[in-house]
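There are two complexes below, and they share chain A, which is joined by chain B in the first and by chain C in the second.
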Partner chain A sequence: MTDRPHLAVLGAGPAGLAATAAAASHGVRVTLLDAATRAGGQFYRQPAAELRARRPQALHHQWRTWERLRDGLRAYVTVGAVRHLTDHHVWCVERRPSGGLTVHALLGPEQEDPVEMRADAVVLATGGYEKVLPFPGWTLPGVVTAGGAQAMLKGTLALSGRTAVVAGTGPLLLPVATGLAAAGVEVPALVESADPKAFVHRTRALAAQPGKVAEGARYAAQLLRHRVRLLARHTVVEAHGTDRVEAVTVAALDADGRVRPGTSRRIPCDTLAVGHGMLPHTDLAETLGCRLDGTDVHVDDEQRTDVPGVWAAGETTGIGGAALSLAEGHIAGRSAAARLHGTEPDPRAWAAAAKSRTRLREFFAALGTVYAPPAHWTEQITDDTVVCRCEEVTGGTVREAVAELGAGDVRTVKLLTRAGMGWCQGRVCGPAVAGLTGCGLTPSRRPFARPVPLGVLARAGEHEDQ
Partner chain B sequence: MSSPLHLAQAEPGPAFRVTLDGREIEALPGQTVAAALWTAGVTSWRTTRDAGRPRGVFCGIGVCFDCLVTVNDRPNQRACLLPLHPGDVIRTQEGTGHDD
Partner chain C sequence: MVGAACALYAARAGLDVTLVDRGPVAGGTTGAGEGNVLVSDKEPGPELDLALLSGRLWAELAREFGDAVEYDAKGGVVVASSPGGLTALERFATEQRAAGVVAEPVAGDVLYDLEPHLAPGLPGGVHYPQDRQVMPALAAAHLARASGARLLTGHTVTGVLRGPGGAVRGVRTDRGDLHAPAVVNAAGTWGGDLAALAGVHLPVLPRRGFVLVTEPLPRRVHHKVYAADYVADVASDSAALQTSPVVEGTAAGPILIGASRERVGFDRSFSLPVVRALAAGATLLFPFLSDVRAMRSYVGFRPYLPDHLPAIGPDSRVPGLYHACGHEGAGIGLAPGTGHLIAQALTDKTPELDLTPFRPDRFPEEAA
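So, the complex of A and B:
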């Protein structure tokens, strides 16, 4: 048993589950590590077991796919082919001088006690998180990320209020708006900055995915049924309130992506769910030294990174949704299994997955050109708008660092202003600081993926659990 | 009126009591600190170190650290990740959460 090769899969969302199943079914011993208490990741986030939800599928899409993933994992765990470690927060993966890798994790929810594990190879299936661009009032309680509203709903069956405006840009806003409405929340508006006409110019790439077109039509019908008003080519200008959000002002955008004067209107609400797309989680890949393309982990046709023994799949290699994550995870698992057995994999074995990977990457590339924040979104950040939420650094302070102190990149702005130096390590303010600085968002090279107690750091590597 | 618990046909065990700044609130088994506070109508449980502004859940998945809270005298815990237990003592976290 123990001489079988050992693969550690990091993340139990669609990509990690697909990789786990593919590798386990080809004779590899798999340990699946995940921070949550139940498998599913963000897309298939499950309600806490103690809530005993008999119909969690009421909050989900593509439930049958989830049932297949869930039952597959259960079967492999039952026969001992897979170990599923929940509440394991991986903070670092390092290559061992003698070959193989060591995975370092903290046991949650306290995240103080460490665990270390050796593996012959790893699949990074660490997913992504949401990008939110600042505007006045975005730090008010009741303003949450669109994905956060959905995560709280799916995972804990909780809502932050009764009336929610959903705003920003991207395909995530549709399920968030319809999901909140189905759960009893009044959704007076879905505020989307993209121009619906832009979809027309992309018909070829979109038409290649008839399933996705049908999905869009279903969402449109649900918006109608729940009386959610779609305000396309609109943006949130400001959230109002003193101790929590009480209303938002939205306005129309002109052809250049600027707020059109005289079009603003105020919408009362107690919740604003806002998001401007997704970013990949790449900390573990960066620490390992994997090459990144922009913000995405670079992989080859087999989903291998350029670091030996390290594969990557799903959102961490570029945002593309659950179906693409499944295809990439499957290919990563098959490739890793073959190579861990010392054989050259035959790509024909995953031809179907490779074909859907190609199509879905094209589809999301087309979507990416349609869904975009307003071109002049930085103009909405007033000088007194807090940009770095952790360190309370304002837009004015960042602008001063750029205009008067000559900062030309995110790192220099951070050193001059503390923007990005707080608890979240710039994950939240990074895109905004880059925009205000006039440079691209680059990987930040954080040494660890999450805060680690100093005592754990000092003892790391002393003992290892096999 | 529809609710998420109703929609998902949740049948959790009996609610239990915790306190927020000395006030009793109810929590359901399986709820995180953030979920129980939201359900009790509370959306902020931290004030920032500089401006003393209120904060609560932002990302909801443990990335942003905005929802930090003091539970059972331990500050700087993420309310969106931390499950509640009967008798837990939640306190609004002022600044760093440490006496200084």
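So, the complex of A and C:
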């Protein structure tokens, strides 16, 4: 069995799970690696078994899809077709001069001990991470990301009895608000800076997605049922509190995306869940030398990157939701299996997945034009608002670097202010710094997807040389 | 960095200066290297003379810019890994002392007083109190601002304007012409391309370097510390990879480990073998670093000329054209001296150092 080709799938979210199943069912040995302790990724994040949640499916409207993937994975693992490695944090994928790839990982949760694995090909399915734009008070305890709130909900079910405002922009806010409300959290407002109604006018994209229309209607009904007020074209101006968030001030936006004077109001709460959309994880792809389109990993129709032996699927290639990740993962797994067996894949084999991929990409492109932060969001960042939390760089410092020291891009601002040099390596503050600098967000080179001990680095790939 | 220093000294010599760059401030090699201001790694000769002059000027600039450019006169410690290495190192230091460098031999015990966390069993080293450091991007930005020069970022020079007698009249950029009787080429690794726009040959080439950056730590490395073979690497003419690392703490906490040297053209792609070698060298010097995490690494291209000396001064082939480029791995350290000498040349003063070894026209055309 060891002479069968070996595919490493990095990331066990919808994309990685679909790729694993597709490749394993076509005679490829698959190793599925993920940093998390269990499979599922962002979407199928499950309540820990110990909690024995009575009805976890109430939080998952795609529970059945998840069950199918999970059971499939179990079956492949049982028969030895798939190895599933949890708690493996991949910090680098290296192309070997002799051909093939080496995956370098650290074992969690301490991430100290190294693991190295050779593969004939890899599928990058590392998903994305949430984008959060700063505002005064955003560093207070109790201010969490929308995904963080959702994860708390799905992972520990421990939020009930609280009051949470959900704010920002993007389609993720809806499931988060309704999910919180369904779990017994009081949600006084869903503050959305875009106008979701504008989306309804995009009939073409919607007409192709009857399922999405139904989903939207369901969320609207749920908001109503739980008495969640939707404040469209509103924004959070400030979060208040001393030890923890106690209230937020929200205000209406005018047609230009500026705060409308005299419209601000204060809403008491103990949790503020904010999100401004998602950004793809591209570190591993960049280090491999894969081409990027803006902030997305570039792929062809087969989900191949431009680096031989490297496929990418799911949100690392662009944000588009779980169903798109599933379709892309399936195609990547099929294509990789065929090519690892030395055959030209036949795209007709994945025609259905390709069709839904086309539709969903169109749908999310349309969505992206509606759900954008207000045009003048940077005006809400005061000079003493911390923009880079790791290095404690304020808005004023960034503005000074731009106005007085000749910085014109994120990299120069980073060099002159240290914004983005800290533990998160600019993943959090990148969009905010780009906004304040007045330039586009470009992917910044992060050769290590995880910080790596020098002792591990010093020996990385040692046995390759022998 | 070099352009900013030229602008500062030229403006202070009374000239009206415009600083042009196609990118932002510090967007070239200056933003991709380290800020060691070293005398310790230089053998007696013209480069050491320039380093000593620059060191004095950095100390002056520090009074004006000090903290803003993270100036730190911390000194350097060069360690030998074997008794034989120590003898060679001490011989080298004796020659340097004759040229005006302060170099104090440190035997075993004293070495560990200076750097308690060094690997045990090292025979000794040499302490260089004149070694210092600055933060390159901040230094370039603050010197440029203090010069009062008109700063035109995002302007690419596409031609050098010449008068009837061949003399320089200014430059053409993608956003218009700029007229000036003198043009200083401080285009670093791209200095050869700029020279070519003026029709002259200057063979500046790239030498790639990676730097590793760790998570922030409390101060545990107090000087710039490197192994004696670093000097050999710096002076080397070889294209092959060399990675004896310099380890240094920074004001902000992270430790910088740099830098590799190899000639691979302008290839930006990440090389795990290269950074692995840097990590191995650093953990050998400081075993505690094994458990410290590398956060990132970055890459830059040092501008070098075939004889490893920069080009500084007027170009005899084109009246009005001056060069200040090709400083290889020492352009941050050597920038103030270079700016000072260029300003003297521009104002017809006798330069403080003999510019003959730095003549821009010293490379015969056919060497290309």
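A few notes on this one:
To be clear about the criterion, the second predicted complex is superposed on the first by the 453 of 466 C-alpha atoms of A that agree within 3 Å, B and C clash if a C-alpha of one lies under 4 Å from a C-alpha of the other, contacts with A are read in each partner's own complex, and residues count from 1 in each chain.
In this section, a residue touches a chain if its C-beta (ideal position, glycine included) is under 8 Å from a C-beta of that chain, and two chains touch if they have at least 3 such contacts.
Keep in mind the model is a prediction, meaning the values are calculated, not measured.
Contact with neither chain B nor chain C is seen for A:Ala164 once the two complexes are overlaid on the shared chain. Of the two partner chains, neither chain B nor chain C is touched by A:Ile267.
Once the two complexes are overlaid on the shared chain, A:Leu416 sits against chain C while remaining clear of chain B. Judged by the touch definition given at the top, the superposed model places A:Pro109 against chain B, while chain C stays out of reach.
By the touch criterion stated above, A:Val176 is placed in contact with neither chain B nor chain C. Of the two partner chains placed by the overlay, neither chain B nor chain C lies in contact with A:Leu436. Looking at the superposed arrangement, the partner reaching more residues of chain A, out of chain B and chain C, is B. Contact with chain C, but none with chain B, is seen for A:Arg445 once the two complexes are overlaid on the shared chain. With both structures placed on the common chain, the touch criterion links A:Cys290 to neither chain B nor chain C.
Overlap of the chain B and chain C interfaces on chain A comprises residues 422-423. Contact residues of chain A toward chain B in the complex are 35, 42, 47-56, 58-59, 108-109, 129-130, 139-145, 147-153, 155-161, 182-184, 243-244, 389-390, 392, 422-424, 427-428.
The touching residues of chain B, counted against chain A in their complex, run 1-13, 28-32, 34-36, 38-39, 43-44, 48-51, 53-66, 68, 80-83. Chain C contributes residues 23-27, 31, 137-138, 141-142, 144-145, 151, 153-154, 212-216, 252, 254, 257, 269-270, 272-273, 275-276, 279-280, 282-283, 289-298 to its touches with chain A in the complex. On the chain A side of its complex with chain C, the touching residues are 92, 94, 112, 287, 289, 391, 401, 404-409, 411-412, 415-416, 418, 421-423, 425, 445-448, 451-455, 457-461.
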